[in-house]
């Protein structure tokens, strides 16, 4: 018995030593590694053609590339393609393949891979497009070994942003478990609810990534962001609240940007009383956006008067922010005209995983009290929100942020056309539909821009919804690292980051 | 237990409950500030004379919110425990007293319910009925039934074979009379302690549901909801989390001290 | 033996009914797993294809039978959200929860047994009373709040650990065990108070029993009596409670894992319910149910051994 005890003791000592040594080794790797906190796991599909969760897109941006890709100014630059050409009426897009672009598995990208990837999006085989915007695509033709053309059904000069769709190997089109792209980072592994690991891709065609290993660590508990940063378990975290950013020491650089979305109180235009524009305008007159920003984000944020956020410099119209300024009397008068002199009661449905939206709803409730309107807040899970509010359109109003999946005005404006599948607010306005159609069909850039702007104006004046703000985005990065850049899209570009 | 200790428990329990229940009762009709009114200037204000517990992230007075929140929490806890213990006692009494096939079947169902995570059960009920304080009460109440049924059944099985019950039967007392007049009072001690534990669990479960965003709806306050909201501001204003937490501890401690006295 | 067999069959039926109920719950809860996966930009055809891939186009009874058939092959299906076998996912997260369980069990015993014995030994002294009062307060501490307090004191104040700074055992075992101590403490504290209370009460009850008095009168040293006989007899209720508490840790870990940011089974259950990742939800709930049922079974059997009169 005693002998056994001795043995056990030795074993324990040895293993403790081993553990301790291993612990030291673990800490040393730190140099070419960056650990980035993300608030949720990539719960939707990792297939870049299918994934639409903003949080998933921002990580996959480093792994996959399309024929073109956005840069930090919001312009599209050639990626897997080296050059492109759009014919005059915007029906044929021709791409010249970049030479020697490699997939993460070592294979060289061929026109066959490009055609297979685009065919997958357009659903050429199954008949129905996998990506809604690809319904315009008539055919995808291989012209020669390095040229491919995309032919559209109708004229559309604004189709190029859709060409950011990821190019996958033709024999790996189902990319949900094995991620093979052409981006600066390759996928290594994941552990559910724990992390996603990427590694720099040595054969990247462009400027290679400077930091070798990237770990995206999932931290669902918002109040530990600051401690995680300060304690050194993460080096970077995006979308901090202003309160959190203020608590960080000077070991961190704080980058201030916006989230690139339009947060609003979206109204179901089909249900009473929101089918009456006067009621919608009354709500707009009741809202003080600055006060919301003061409560929710210490006064930071950018006001939006319509469905367009400031990063879209070409289309954003700051003058629309003044369409409604807080005016309780005016709001009450409009309510009386609409037949609600004593106000009314309605429900704001809010997804329970977005604290900023919940906070905004609480401030809105207080502001509506002043015009005699009672708002009840109903928190539901994100999934119920998706199926009941977004797909089922079974709601009165909801606070949410709507973003753009591609760098085109369409991404922000199409969802308010009467017959759009994404028109969950049931907004219906013949003039809007007409103006939008004219914008899309136009081949002249000026006329197109004018029409898009007119669309925004209609949304504001007709008070389709209560547009509030583009939320502030505070990114904290440990001073050891530099090179973080904001994009006008919801992405995080790690390849440009470096160790100081 | 000696006299001295008894009275100590009694006094401490009473004081704790008075400190928490009286403000909760007053909170039904009056609070120092409107618990829902916001004030930018006082965002996350620390403890001061004007706001004795400080303010939350909307500049709402934490003390006023605790006053109204204790009321909602107590309402939910009492409703939950009442629902669970009354229905559970009736089921437990019948199955324990009569036994047989019905007993086996119901206890089998009971086992299932015990093995079924109450959070999922609550999620199902709330997704059917919508969320809100009454729905929470109902959902948790149902989730609490099986444990009471199991405890009461055990007591009935034990007591029904005791001599005094047998003699009552011989004296011609009806089954219902024996069950609820003769046996029930003798389950008091066990029932009371499980009511106390249930009370504790109800407050916790409500906090858990609020955490998932399916409990009490904002801007309504409940102690659990306040505690989970305050977590995000633990470093800026720890008081915001401490006060609702301490209130919960005081209520639970007060009740358990008093229940020892009665039991 | 017949008694045990009967109980085991009962337990299996219980598990089957639980799984059936979970399946029914999925049918009732709003939300569509395919939509959850594809998000707001999904087209109808993509949704239909996803539903088919997930096997959601089959009627519920068929899905249930397929799932049951899978169990016998050791196949719990594939997670919708992570596209990996559920068994692999559980195997990945199980060590975290088991560590938490064992860690808190050890802490529970270290805290409660010596204190309980000591308090009973010193019954009616000032030390006893002090232990009792502290114990009462800790018993009233919700794990949710004890987690916050521990974070505040040991994490923010004393900087013993980084709140939310979980590291998996494979990456750095030392930091893993160091970190896990604190959530385990948050779980163990209120439960230790319960055990202490049970042990104390039954020890004091035991003291008054005849065999103890006889032993004392026979000139036995008090220590031998105390540890040899009384503790053994008095630990029954405490052991029962510990059994229940262990099963409770898995189900109750949802909140502690949330407070401390641990990616264990509780977090997986919660996010999977939110994502409508039904195969994972089913597997975790069955695991919890299995633990509850096995614990109850063990308690029943132990009781039967101790007191054969139980029917």
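Chains: A, B and C, in written order; residue numbering restarts at 1 for each.
Here is the rule we use: a contact is a pair of C-beta atoms (placed from the backbone, for glycine too) under 8 Å apart; a residue touches a chain by one contact, two chains touch by 3 or more.
Everything numeric in this text was worked out from a predicted model, so none of it was measured.
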{"item": "Pairwise touch network: line, ring, star, complete, or other", "value": "complete"}
{"item": "Result of counting contacting C-beta pairs for A-B and B-C, higher pair", "value": "B-C"}
{"item": "Cα-centroid distance, chain A relative to chain C, in whole angstrom", "value": "38"}
{"item": "Chain B-chain C separation of Cα centroids, rounded to whole Å", "value": "21"}
{"item": "Gap in Å, rounded to a whole number, between the CA centres of chain B and chain A", "value": "42"}
{"item": "Chain C residues counted as touching two or more neighbouring chains", "value": "30, 156, 258-259"}
{"item": "Multi-chain contact residues (two or more partners), chain B", "value": "127, 212, 231, 234-235"}
{"item": "Chain A residues counted as touching two or more neighbouring chains", "value": "221, 223, 227, 353, 381, 384"}
{"item": "Footprint of chain C on chain A - complex, ascending", "value": "19-20, 22-23, 26-27, 41, 43-46, 50-53, 123, 126-132, 176-177, 190-194, 218-221, 223-225, 227-228, 230-233, 353, 381-384, 386-388, 390-391, 405, 421-422"}
{"item": "Sites on chain B touched by chain A in the complex", "value": "36-38, 40, 43-44, 57-59, 127, 130-131, 212-214, 217-219, 231-236"}
{"item": "Sites on chain C touched by chain B in the complex", "value": "10, 13-15, 17-18, 21-22, 25, 28-30, 124, 129, 136-137, 139-145, 148-149, 151-152, 156, 251, 254-255, 258-259, 269-270, 273, 281, 285, 288-289, 292-293, 296"}
{"item": "For the chain B and chain C complex, residues of the former touching the latter", "value": "2, 5, 108-109, 111-112, 114-117, 119-120, 123-124, 127-128, 200, 203-204, 207-208, 211-212, 224, 227-228, 231, 234-235, 238, 241, 245, 248-250, 252-253, 256-257"}
{"item": "Chain B-facing residues of chain A, complex", "value": "221-223, 226-227, 243, 247, 291, 294-295, 298, 352-353, 355, 358-359, 361-363, 365-366, 376-381, 384"}
